[in-house]
Amino acid sequence: NKSYLLKLTCPDDLGVMAKITGHLYQHGAFIINARHFADPEQQRFNMRIEFDDRQFSLSQQAFEQEFAGFAAAMNMTYQLRCALSRPKIIIMVSREDHCLNLLLNKWQSGVLKADICAIISNHQNTRKLAEFYGIDFHYLPIDKNYKAQQEAKLWQLFCEYDGDLLVLARYMQILSDDLCTKLQGRAINIHHSFLPGFKGAKPYQQAYDRGVKIIGATAHYVTEDLDEGPIIVQEVKAVDHATTVKDMIEIGHDIEATALARAVRWHVEDRILLNGQRTVIL
Amino acid sequence: NKSYLLKLTCPDDLGVMAKITGHLYQHGAFIINARHFADPEQQRFNMRIEFDDRQFSLSQQAFEQEFAGFAAAMNMTYQLRCALSRPKIIIMVSREDHCLNLLLNKWQSGVLKADICAIISNHQNTRKLAEFYGIDFHYLPIDKNYKAQQEAKLWQLFCEYDGDLLVLARYMQILSDDLCTKLQGRAINIHHSFLPGFKGAKPYQQAYDRGVKIIGATAHYVTEDLDEGPIIVQEVKAVDHATTVKDMIEIGHDIEATALARAVRWHVEDRILLNGQRTVIL
Amino acid sequence: NKSYLLKLTCPDDLGVMAKITGHLYQHGAFIINARHFADPEQQRFNMRIEFDDRQFSLSQQAFEQEFAGFAAAMNMTYQLRCALSRPKIIIMVSREDHCLNLLLNKWQSGVLKADICAIISNHQNTRKLAEFYGIDFHYLPIDKNYKAQQEAKLWQLFCEYDGDLLVLARYMQILSDDLCTKLQGRAINIHHSFLPGFKGAKPYQQAYDRGVKIIGATAHYVTEDLDEGPIIVQEVKAVDHATTVKDMIEIGHDIEATALARAVRWHVEDRILLNGQRTVIL
Amino acid sequence: NKSYLLKLTCPDDLGVMAKITGHLYQHGAFIINARHFADPEQQRFNMRIEFDDRQFSLSQQAFEQEFAGFAAAMNMTYQLRCALSRPKIIIMVSREDHCLNLLLNKWQSGVLKADICAIISNHQNTRKLAEFYGIDFHYLPIDKNYKAQQEAKLWQLFCEYDGDLLVLARYMQILSDDLCTKLQGRAINIHHSFLPGFKGAKPYQQAYDRGVKIIGATAHYVTEDLDEGPIIVQEVKAVDHATTVKDMIEIGHDIEATALARAVRWHVEDRILLNGQRTVIL
């Protein structure tokens, strides 16, 4: 059988779930997995369905055409794709490679069902790791006077690779508003604090100075407002008065890497729907 | 509008969600909230739906009759009740009152939408608390030679109050197999360990002796096999080498109380379905 | 034997631990429990020692005099008291009583080794609970035009009871800068967010709007800068897209109550040292 | 300055801390960091001290001799070493490389202050990773009829490398009692459950079948009693009814890797003291 991933959002009216599942049933889609969330505030219905074609009454093409018509009638935004197709990921990284390293390990072990096409960095030190995993490496150093050119090159690479997702795996550089807009919903960043606490630079130093008893990491979509994008995953770890900034950085590495890897996985599996400033994970 | 709570389980076949939501839609049930889980192992479909009658095409009675027929055709086990009806709870407690105290506080603040009919104890010390909250108190002391009589009395009280749920809020006495069977799915216990670790008596001493770095509490349905019933909620808390057994007991009080209160709340809101040895929380 | 609690802070020089423990040893103080923390940033040495007099070579009075001289020579700030003496607590509360309720339960069970002298509220609803526990209740309603008088009355009560600690158990009113200064290091507040995120009013609504995946509660000392005081305890709990503001409030109740109770306990047991903006918990 | 790490355990008598810190002070050891724990049950005093020689009144050799005499008089077991010396680690691994991968990343980034001398595996698949990091790789396949020979070879390698610590990074093979005894306190294993729950094989399947709501990982010293050794680190993660065994395995990978890496780090930094069946982490 061939499996499909459908994610959709539409206005939440009477009978919306009956209509959607009824439409699939009528054309023989066999639901393997389904989750939904009807947001009472926004009156939006969000759903993710994994189904296969074992009882399809139509060809794939006809099924997709039928669904497109149905979706239009329901005022629905949706994405339907073959479950085996693999989203294309470009990873950006700065000097610290702990997030990159976990992503590569999970990718190689088959947990991350995507194609990692390229690693782009403003430093050379991760080149060897990229080569070890057989992934293209691009060195895009940053020169204050040529930031726009560097970003243009980055965007060009993303387009050349036909990228679906840009992962900022501790890239530590701010993208321009223009690029953020282009990448809306297609770029995930890891911020090394429990947002909205400690935005901006040196969050562990900030956390130390404030004397918090728990530190965190936040994976979120990139938006023009720095560290304000929709949150996907947060992880936390207890610390105490004896935890130095250096300790926090080291403890933080673990939760940064796992939070980012989880967020990337959920994105790749089409589990995340944007619901205004918030995410729905299905 | 009048709201209803429906919880159901049936075999997971093609179109089951379409049929169920279609049936509700057809009779004008307006879904406020719905969650489902299709267990791939057991091939069971579980669902909880909260709906109201704002667009009912039938009387309540007719709707219920229609649904009964539909359920039979679907080979469905279900429970349908008015959301405003309040389950009747009997709480059993021994000397330690921290779990009882939290349940009463949540009940009084309106979080626990149930009627707490009676508190039964083998000690007198919680009588005053019961009186403060205006709840019947029954003192059923335990005499080794008259255990069966004490339990018979307990069961009699449960029946007289027309109890829906028996909560063992640190009752610390083992119920007979017979009573466990009678109360299947209707009795919740809190065990002061992270089950399946440290079953039986003195779990904190056991945890201390084993040198664990995290302790826990487990709220579960009571079954004939002591501490083996389906788990509803587990909570944990970090400890270290300096944590004494006395400290563990004190730390444990907090997670016992909150785990039990959450489990009772979910039961009362019809969120829990039994799925073999496991629970599904919707 | 008679036990003592000593907590101290002094500059961190060569041999400071040897000198302090040597002084105690020399006069026969038998250390039951000791913890220390030498802050490398502030170059401060902090220590908490529990000892008894089983081998005292001096009278209590002479011991205390000796220690005072020693402390002066060490440039030490310290507090030495008999372990059995009980700090006096005044609790302030607004309408919501979940924090108060847990404090009272822990106090009655003997975990909180302090005297709760009075409960002060701007509402009448917790009067009965105070009476149940046999604690004085004072109703100090708030009138916008007489805020200063209300606060003067509050301070008068605190003084009359000879209070050691003021606990704001969800009091929900801002104290004046003057009163905050008077109560420095002697007033603990619970804020219903994971500070520094979501300061000010309606933190759960703020958390919901921001779409965080974990909520928190923070017990901290009160300072003139609202929600900026030194943090004592933080607790967190995972939430998801389906968690409403109302759910957050209810989930939050549990972590607010336990975080505050822990902070109050540690204060009462002389475990907390102020280290600039940060706390050291020993 | 030259720094030293001292870890010690001795009977807990009057003045023990004064004597130890006094001895160091007398010879000019400048304490950078110290933690201790006096176990009230076992009446043992445990301490870890990091000090430097900036004010040493003796040569290193004389200091060590003096300390040896002092330790004997105190009935003390201790280990004193230069902080810069690096323990030698041998890692054993089976097919799954997530734990190994994190250890190597932390080692390369300088967090793990040890020499990783060799990776030994009963499979070939991690050979390339070893080569990438420039570490010796030994393939020791397992043949049921030659288990003793394989283990003899393993022990020989450990001795040849002059190993200080054997890390079982998901090695999945049981060591003989004899080897466990030889390696007592020098071998760390990661078990993929929250011990003592789910010992033995397929712990995630066991956890799924039991329906727990939290899964865990446990890093512990290896002893002859399988999965019964002293626990060093435990980590947990929430799961729910929808979490499959496969999901658990994937979620578990993260906590296994971080728990093991932390345990190895603490061992390497001489932070762990064995206290009967329990560990003290200083």
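Note that the chains are named A, B, C and D in the order they appear, and that numbering of residues resets to 1 at the start of each chain.
We take it that a contact is a pair of C-beta atoms (placed from the backbone, for glycine too) under 8 Å apart; a residue touches a chain by one contact, two chains touch by 3 or more.
Just so we're clear, the structure is a prediction, and the values are computed from it rather than from any experiment.
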Intersection of contact partners for subunit A and subunit B: C, D
Copy pair subunit B, subunit C: interface residue numbering same or different (half cut): same
Most remote chain, CA-based centroid, reference being subunit A: C
Interchain centroid distance [CA atoms averaged], subunit A/subunit C, Å: 42
For subunit A paired with subunit D, centre-to-centre distance based on mean C-alpha positions, whole Å: 36
Touching two or more other chains - residue numbers and ranges from subunit B: 40
Topology of the chain contact graph, where touching chains are joined (line, ring, star, complete, other): complete
Subunit C to subunit B touching residues, read off their complex: 96-98, 101-102, 105-106, 109, 111, 128, 132, 250, 253-254, 258, 261
Subunit B to subunit D touching residues, read off their complex: 37, 39-40, 194-198, 209-214, 216, 230-234, 236, 240-242, 244, 275, 277-281
Contacting residues of subunit C [partner subunit D, same complex]: 14-15, 17-19, 21-22, 24-26, 28, 30-34, 36, 38, 40, 55, 238
